[in-house]
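To start, I am sharing the structure in question, which I have written as structure tokens.
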């Protein structure tokens, strides 16, 4: 089978590097275009990028020429599938240009996550929201669209929450995070700020977590998403961990749940099983019964970095239950999340007619 | 003024070392006796102890002979004031022996904290509980008694809570901690467990926090303490920080409180001011208005390690308010807490007649 | 092909766990026996072991019953190939018992490394020393023998040195290490000792490095090894790194070497290429031209953790050249080193007739 | 006694903050002027500076207005003593302007350290070089001058070396460093580069160490310094330590030295004792006999951060002796070093006639 050609916007950053790592040798996709800021454009990727992963930078990628991040300046044919790893400010400007050029923009940025007709999706949780793209004006005019995945701190959490929401209903929720430094990109957090320290603040993070959880666990209603009706309160902290966000959760359900019912909800949660998606873990939520797990160093790579680990399920003296959830923030929480979105879109046929206007009627039809 | 002679039980451990550091050159107390386990007894302190603090071990202390931890085996006169830094199991066996020998046992251990007639005290919070000692049988029979301070994770928290409880009443509370490794003593946490990692579990810690907060904020009722009527839910985590426990708090009050009222409650909280206690900070709770404070590395030494720092006061979407509190776990949270208890006891005259039975009648009178 | 049955002595420790990780699904070897101290014997491995690796403990291994570490108490048949991951004191007592029982003891311990008729081997460096086993009395009497690999700090170094010694001759050497905490096992280094700190001392480490380098780069002479005639001075330090020893080297050659000649010596060094050994990296020494490499976090997993990375080759103002070498201390420096020794021994046929006395004459013949 | 008014150039950086910390309440000097880059000028210091020290920013300093870093734009009177904490590129441009304006520029920058008529001084080592200032053209024309202190990695080293050079003569020297992140300023080293890692490279650091040691231990000869005739080879590394540079040294003397002689050289080294300099430690070199010292976390604050600690003295199998030296890199190695230079200059009367041309003749006289 011929692989679909894909490009990466923001290819030199931490998430861009993860895209390269995960896409290299991917059975469905092939990297044919890498773009970065003006500072990098024109250099080879090997020259432009300070590679920070512990697997080797593939030689073929290192030799590729970094392109300007403008559709029109693409040398050769612009791939129609674009993975975007841009800061929000830049994403806000650039991603629409690529969508308007007929591209499927699979974005990791926060810029458009909360826009009504932009799907904010974790496939195991709400792949059903993806048809929202048909309501996008870019889609109608060029076939292009934008799909987003959530903030790295929200992804592991909603994986753990989804099976609980389905069975018991969520009424309210506390979450207190201990987030890895890679979540801030590179150079990101200065070592003087985090060695032997905790920083109990990450800009806009609590707001993002709270609102994104509501959209992810909400349901599609016409051409927008009705938010989950639950109170969510987040405390976000940065700790001296390289990769892996650990989150302490207290939760109140609408319907009483026993320990066994909760464990069953998690262990039976396998919504993508059998779909044959290369990046999907068989079980996206793994429960570890040890008293002191999950831990980022030991558990972040479960499911090739795509599974969330839950543990320490115990009763809460204030709400109903307490537990801890952990997931890899730059794989499951960023590049891997976007890649899985792309795989689901491919399965749905949404990557087949890019560059071709759908027209308004078709969009309405799909949503109806 | 002549200094009172004091001894240290468990002198070689991390908290024992802090006792030495804080008591050296103390204006009221003079170390004349150091005891440790059989392994150390008979050696000089300098030989027996792996000194781990960044101030020099005083030469006079280094030269002292470590005594067995048994009252009867004391060479020379046993001091009547004993600071105890023992593991709970050992404390349960040894502390009563010293109390029975007429000593004031100022304990940092968890062994007797929740016993009805043992005061669990943070002086700024509930010095009023100290007369409970008069109900102790040791007190009546020998003049000795046991007074305890709370777990290191509870101290900073109750300092921040006390002025809020007084003014607004606490209905419920969620707290998620990020605790320093020094809280586990030495050797304590293996480096392989915590470098680049988080361990979301500390044995018995959540239970201790929850019940100790209730007793600390409770009120003396006859010869025991009526616990605070509030729901407290704790999540306890270990992080790669040397000293300083950081805690994220969400809180619901019985009476609405504005931001200004909360800040005023904290800034006006100075219950020991003017008492002339050498170890008491002028303001035990300091608010920092910066968006990213408090931080353990920057704030743990406020008030010579005896002040708690609060910050990030903001509304909670589930309860009423959220904030972060930080305090030094081996100074404010352990040795300094015990030392301040001793200073208050001295001011109250409770260290004057040690070794002399009080008899039942007197004890009752004091409590009445 | 049927896999040879192997056992692991000291299976629950850090190196024991690495043995399990590396041997699981090994094409030549199959774990059929796990032994550990009395504390663990009788439990399942899953109960006895605090698994500390970031890959899952295989379920089949978790279910195995831990055996006592005594040949005679083996339930069922004792495997004839024993990987030993014991502390030196225990190794000194136990390893000879297994060798006497006809086993090939592939040891990671320091106990017998410097014994004259015990090969101390890194296959790429001195596989030629392996026939020394034929001089061992165990070999003659039972077919069993002991083979050792060096200290974790010496392995990466001798890999980098071997091609230089062959071409230019080493006259003297200065090496200063920055060693990972996993080298001290578990619980090993207390976190209070290493967080934000350096410990410029590791017991016996400098002595081991200095003498082991001499034996590894020496040549077989009759039934012992003539040590390399070079001065080696080592400084050993512990740093806050989980895995990967970094070493700064200054070196003086007997024959002048240019930068290009040194780089060629390293890049052409592939003594095991084409041997088909499953654990051997194609190139055991990889040069990285970046100014700031090698780094433990980025380079320790090269060659699946079996390649040493060299970098920063530059002139030395005192000796001839300076460089930095890095290798993974528990893979290349411990379990992987032993496993590669076993693979080479298998290729040489030394694992075929275990349990069968060779007699003195045969031993002499092999060495002649 | 009235305190001399001083200013700080580059006041908002890490070294600038240390200057403020050390100068606050200094008995001889009073901060009356703070300057920083255009980004900060015009703000109050409290607004302009992200204060990163664990002592409180003094309120009087926080309220001061940051001035532009240009002599002419000073509001009010420019102080004649300027502590400069600038990056080399900026120092190269700015420091001469202040010297030309008649100021004593006490610089921590590398910009002019190796210039022939600029003293590079650690007072305990080579205060005798200070009269070099009289040869500076700025001095003759305005009374102003530039004095520098060495790189943070060189200071602890030369303190340990000076008494050895005096008694035994140094022939050659290896040094391998493990340097704290604060040496790179703020934001400096990204946390992703150093958490769980070692970076075996610091730009230009090895060159600086090698040449600065030569000048510091050299002797004044006419109007320049004759470099020490010794071979010095440095390996410089960055480790995950906040403050404190640890250095492993191997050394060869011109004259044999016994262990006792070396220890005596260090313990008797007190060249500034009795001078009454506020910042000078009584003993600038402290030997610790423990096998595993010095360590940055435990020893960097000796002598209020101004003493170097040496330990692990043992024979070297390649040169003569090996030892470890540690010092605080932003106190002893930067701001404290400059401050001590200023104190010595004050004692020498060199801060009395600033702003007044000395003329060529006087300069020659002093040097003669």
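Letters A, B, C and D mark the chains in the order given here, with residues in each chain numbered from 1 onward.
Keep in mind that, in the parts below, a residue touches a chain if its C-beta (ideal position, glycine included) is under 8 Å from a C-beta of that chain, and two chains touch if they have at least 3 such contacts.
Nothing here was measured: the structure is a model prediction, and the numbers come from that model.
The chains in contact with chain A and with chain B alike are C, D. Put simply, the C-alpha centre of chain C and that of chain D have 44 angstrom between them. Separating the centre of chain B from that of chain C, both taken as means of CA atoms, is a distance of 49 Å. Centre-to-centre separation between chain A and chain C, using Cα means, comes to 41 Å. Touching two or more other chains at once are residues 52, 195-196, 240-242, 297-298 of chain A.
Taken as a graph of touching chains, this assembly is complete, with every chain in contact with every other.
Every residue of chain B that touches chain D in the complex is listed here, in rising order: 52-56, 195-196, 242, 297-302.
Contacts from chain A toward chain B in the complex involve residues 172-174, 176, 178, 195-201, 210, 231-233, 235, 237, 239-242, 246, 248, 250, 291-298, 311-312, 316-319, 322, 324. Chain contact summary for the complex, chain D toward chain A: residues 14, 52, 181-182, 186-196, 240-242.
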